[in-house]
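One structure is given here, and the rest of the page talks about it.
Think of it as A, B, C and D in the order they're written, each chain with its own count starting at 1.
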Amino acid sequence: RAALAFHSKFSSRSMASKTQVGFIGLGNMGKPMAKNLLKHGYPVIATDVFPESCKELQELGAQIVDNPAEVADQADRVVTMLPSSPNVIEVYTGPNGILKKVKKGSLLIDSSTIDPAVSKEMAVAAEKMGAVFMDAPVSGGVGAASSGKLTFMVGGVEEEFTAAQELLTCMGANVVYCGAVGTGQAAKICNNMLLAIGMIGTSETMNLGIRLGLDPKLLAKILNMSSGRCWSSDTYNPVPGVMEGVPSGNNYQGGFGTQLMAKDLGLAQTTATNTKTPVPLGSLAHQIYRMMCARGYSGKDFSSVFQFLREDEENEGQ
Amino acid sequence: RAALAFHSKFSSRSMASKTQVGFIGLGNMGKPMAKNLLKHGYPVIATDVFPESCKELQELGAQIVDNPAEVADQADRVVTMLPSSPNVIEVYTGPNGILKKVKKGSLLIDSSTIDPAVSKEMAVAAEKMGAVFMDAPVSGGVGAASSGKLTFMVGGVEEEFTAAQELLTCMGANVVYCGAVGTGQAAKICNNMLLAIGMIGTSETMNLGIRLGLDPKLLAKILNMSSGRCWSSDTYNPVPGVMEGVPSGNNYQGGFGTQLMAKDLGLAQTTATNTKTPVPLGSLAHQIYRMMCARGYSGKDFSSVFQFLREDEENEGQ
Amino acid sequence: RAALAFHSKFSSRSMASKTQVGFIGLGNMGKPMAKNLLKHGYPVIATDVFPESCKELQELGAQIVDNPAEVADQADRVVTMLPSSPNVIEVYTGPNGILKKVKKGSLLIDSSTIDPAVSKEMAVAAEKMGAVFMDAPVSGGVGAASSGKLTFMVGGVEEEFTAAQELLTCMGANVVYCGAVGTGQAAKICNNMLLAIGMIGTSETMNLGIRLGLDPKLLAKILNMSSGRCWSSDTYNPVPGVMEGVPSGNNYQGGFGTQLMAKDLGLAQTTATNTKTPVPLGSLAHQIYRMMCARGYSGKDFSSVFQFLREDEENEGQ
Amino acid sequence: RAALAFHSKFSSRSMASKTQVGFIGLGNMGKPMAKNLLKHGYPVIATDVFPESCKELQELGAQIVDNPAEVADQADRVVTMLPSSPNVIEVYTGPNGILKKVKKGSLLIDSSTIDPAVSKEMAVAAEKMGAVFMDAPVSGGVGAASSGKLTFMVGGVEEEFTAAQELLTCMGANVVYCGAVGTGQAAKICNNMLLAIGMIGTSETMNLGIRLGLDPKLLAKILNMSSGRCWSSDTYNPVPGVMEGVPSGNNYQGGFGTQLMAKDLGLAQTTATNTKTPVPLGSLAHQIYRMMCARGYSGKDFSSVFQFLREDEENEGQ
């Protein structure tokens, strides 16, 4: 039967734990993820376009090679963590890309956040070479990457999920199977679009309430016991002084940058356009984060939209 | 001392429980609220512009009079529950309004959802007659009104809150003090604006995810364990089949009508305009619910925005 | 017949040219308007809440009195030019308002830009005193007010239009009859809403085209010969260097301030909310001008939205 | 000198008028365009994926071949007119694509409306084969295509513009040089984005004015003599009865379909996202046309947004 045949086809690799794992992309997120693979006893073979990014990992015992093709030549399980769609296309299908030397039966897991249409293209290209591609974007930032507490949303053939899970649980606390290839990206993009809408909505609402004479802490409390409740109001409130331990209490430093949110909303917009799905609030949220980037907010946490919408004291009375 | 003096001034009335309570506005919400006052042993004296609305209450023992002035003439505690700002203005300051015959020291509680600026005007007008006005709009629909499970958000002088609470707890499960006059309205309006944003955002997101190949129940589960979580995703999901016991599972019958949401968003818009507060998503949410009203959705639950945004099957392929 | 009877009722006043004309509100717009009445030989009797605003007019021969009631006591034609609805309500119906001493048959012309619902209220109140109220808001700024080149959009009973026109042509180049009371305001508000939409749309479009490699002058030329053409693209282009003699060529100084546009869009929003009319782009335009006010653009010309949307050079690369 | 050398390189072809011209894509637009080439005496060699689309042209004397590669094999000037980016990529770079057999020095003109980034890719690919690619999207619909009155917006190397112009003037009344490859698309996309904004804005404004009591013809007249003026208000007014000879007078039949506008706005959105340009109104216009497609308006003229925003009579009173 098909499923069984399929399973046995790759059984030698998915059984083979603790053999070498490839890792491509050692940036802010990729480096701590690769470290966690090392911590769990996996030999790691890695590469990055910036050689200096590789040093720390090399000192920890990883083998560093020149390019993605060489990684794929030596490891039959490879994780990629890259900034955007063009990088993924290059790393997989470029002249020194993974698919140039990938072994039959290899498992390729991409944790980048990209257009799900690109994930599907990569899966087709991988399949032509006899390899399996899965998309597994993460939620949680650098902190969660370091502590191994990421959430992975995984798309790809269900028979390979167990094999992917074995590696991903070394780097994350939750590994959720979402469906066919691209659905991991879809889940990530959907969540972040709703997150952006909730954050801007919470910021508008808190600002309006304060202007109408409500105490911010009291307003947050009322929203959180009512139907206005959302993650941005009860866990990550954007108004300074309402909660502790969130970026709004620290001048919007740290957290999830406005520019990164704008990027994810751009992906949401693109997938919505391509599927002809109306997303009026998601689209406006994208534009607002884009305007914020144009006005100097790129590097601040995305909850700084509260500050962006609030009248500057120096402008009052005008 | 001021607070003390103030308190004693009204003490005779706020002590006097189980004396007559006035009730003006016996519509879908007002009637069950007045009934709950009767159930708790309060003699009720009531009026409504539609005489037929008074019959049931009269049969239950309430005294019916001709107009608000007569209610105020006989009761020193009066609750009003009216459709919109002009009705409130008429009932309080019109030729047969409450303030024509209100007794000194009376407590006037308005549970209508109206512009907080009107609440403040009414409070000033009441104070001139020696009476106290509080705004106490509710959340929860006809069901909560019947079962006495409403939430009241109360604005007004803090010294009178206890007196108001005595009556309101007969009709509601939660009575929250929000601050000065108008802040009850502010809290209600803010909550509903964020609710509308969350509902439209959830609908867009679920629709996009489904188009991208995600199973709706799985997507809801992922959102609800992530930062996209909100009341509309985890308690009142707008996608048919995802949850039970919500209007989306019953062809968007019952619940909170699109037209009522449009009204509340109009209030939010007006207060935002008057306070020069930017509310881009709140404003777009208002427009979307307004467009829905123009396209036949007035009477459906506000979660039907999912249906509104989704491509009709009959239109597919175009 | 009614119209005839009506006409004859007021004939003594509307014939009586060159008798005293009242003017209330001597601000940036009102002062040059009143001067133009003087230039045309009309004796002017005026007042303003700020005594210093009256000096220049007094030196030019106008009689200055203490309050609107006194103006109405001495003149049977009165023009008002005030900042907003509450001022109009005060000047007409306040304790020292026009209607306290207005003569029967007087013609009251309000050139303020306000909510048409307030115009209607004033007309009803004036009619009760036997006077006629017309709304006649202007387009054109301080320059047009000085040179007598304003456009007046006039609402009110048609029989009185000729009488109003006699005065308004002293102050404006175009006097357009729009219909019943309030339609002058409606026309003004509608025009400015579409103007704001066109200006923001032109700014987005020019910005996008420039980013895509088009020369701004060439793009403006193409738009202006095509279906994208609008007043903001062909007469008041917001991109510095594309046209001469417009605020974009002068660091957005002069012209029509962002804050004034935000005020007019607030009126458009309020009338749309009250009439349950969906205005999605008008509403978003309002929010964008509101955000600009919050970010220091209040005093700049409304075409500075181009600058607001454009990425700061200092923020590039982020 | 470079320009001269460049020019002479292609001189043999650009001189050679009345030699065979290739045409690929014989749909609603392409067929009348190809006919106009025949009328001007150019031998045409054509192909289309649907053989039946070729019959009429064949009867008129065109040579029909099997695929784009064969067209390019026999003609050194080729015009393409295709529905969307993927079709263009296939026709140029697919297994039977133009570039498989293109002759050195050929001139390839693409009149499709597509992402300018794809135009740039095609230009690079063509250059590798020694050919020149220009983008030349059109404005004007099927009528203008039939009567040879299209406007072409042309992007590409300036030295080749004269050669392109020679062919394009057979099919259009205006041929505008816009700049480097992709700027023709950019100009088209920018114009249509501003057009959509103007049309929705005009519809909202006319609807609001009518609700406020203004006569639609009078309101249009006022806008058109004021700063609210735009192509949609003065040339293509969306309100039935205001103008003659436009789709609003014919139940929104004919004209430019909502679905086509939604497609062009999708391209505008994608280019804005890719260049990180904020386009808040353009983005919302896209969403509104997308919602209209979801509600059965795909085939109606894009001015039907007036109807979409207007309250249905059957829904009134709700």
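The rule is short, and it goes like this: contacts are C-beta pairs under 8 Å (C-beta built on N, C-alpha and C of every residue); 3 or more make two chains touch, one makes a residue touch a chain.
Small disclaimer: the values here were computed from a predicted structure and weren't measured.
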Copies chain A and chain D touch via same or different residues, half shared test: same
Distance between chain centroids, defined by C-alpha means - chain C, chain D (Å): 41
Length of the line joining the C-alpha centres of chain A and chain D, rounded to whole Å: 38
For chain B paired with chain D, centre-to-centre distance based on mean C-alpha positions, whole Å: 51
Touching two or more other chains - residues of chain B: 276-280, 284, 288, 291, 293-294, 309, 311
Contact graph of the chains (line, ring, star, complete, other): complete
Chain D-facing residues of chain A, complex: 262, 266, 269-270, 273, 276-280, 283-284, 286-288, 290-291, 293-294
Complex contact set, residues of chain B against chain A: 116, 139, 151, 153, 174, 176, 178-180, 182-183, 186-187, 189-195, 197-198, 200-202, 204-209, 211-215, 218-219, 222-223, 225-233, 235-236, 268, 271-272, 275-282, 284-285, 288, 309, 311
Residues on chain B engaged by chain D in the complex (per definition of touch): 259, 284, 291, 293-296, 298-299, 308-312, 314-315, 318
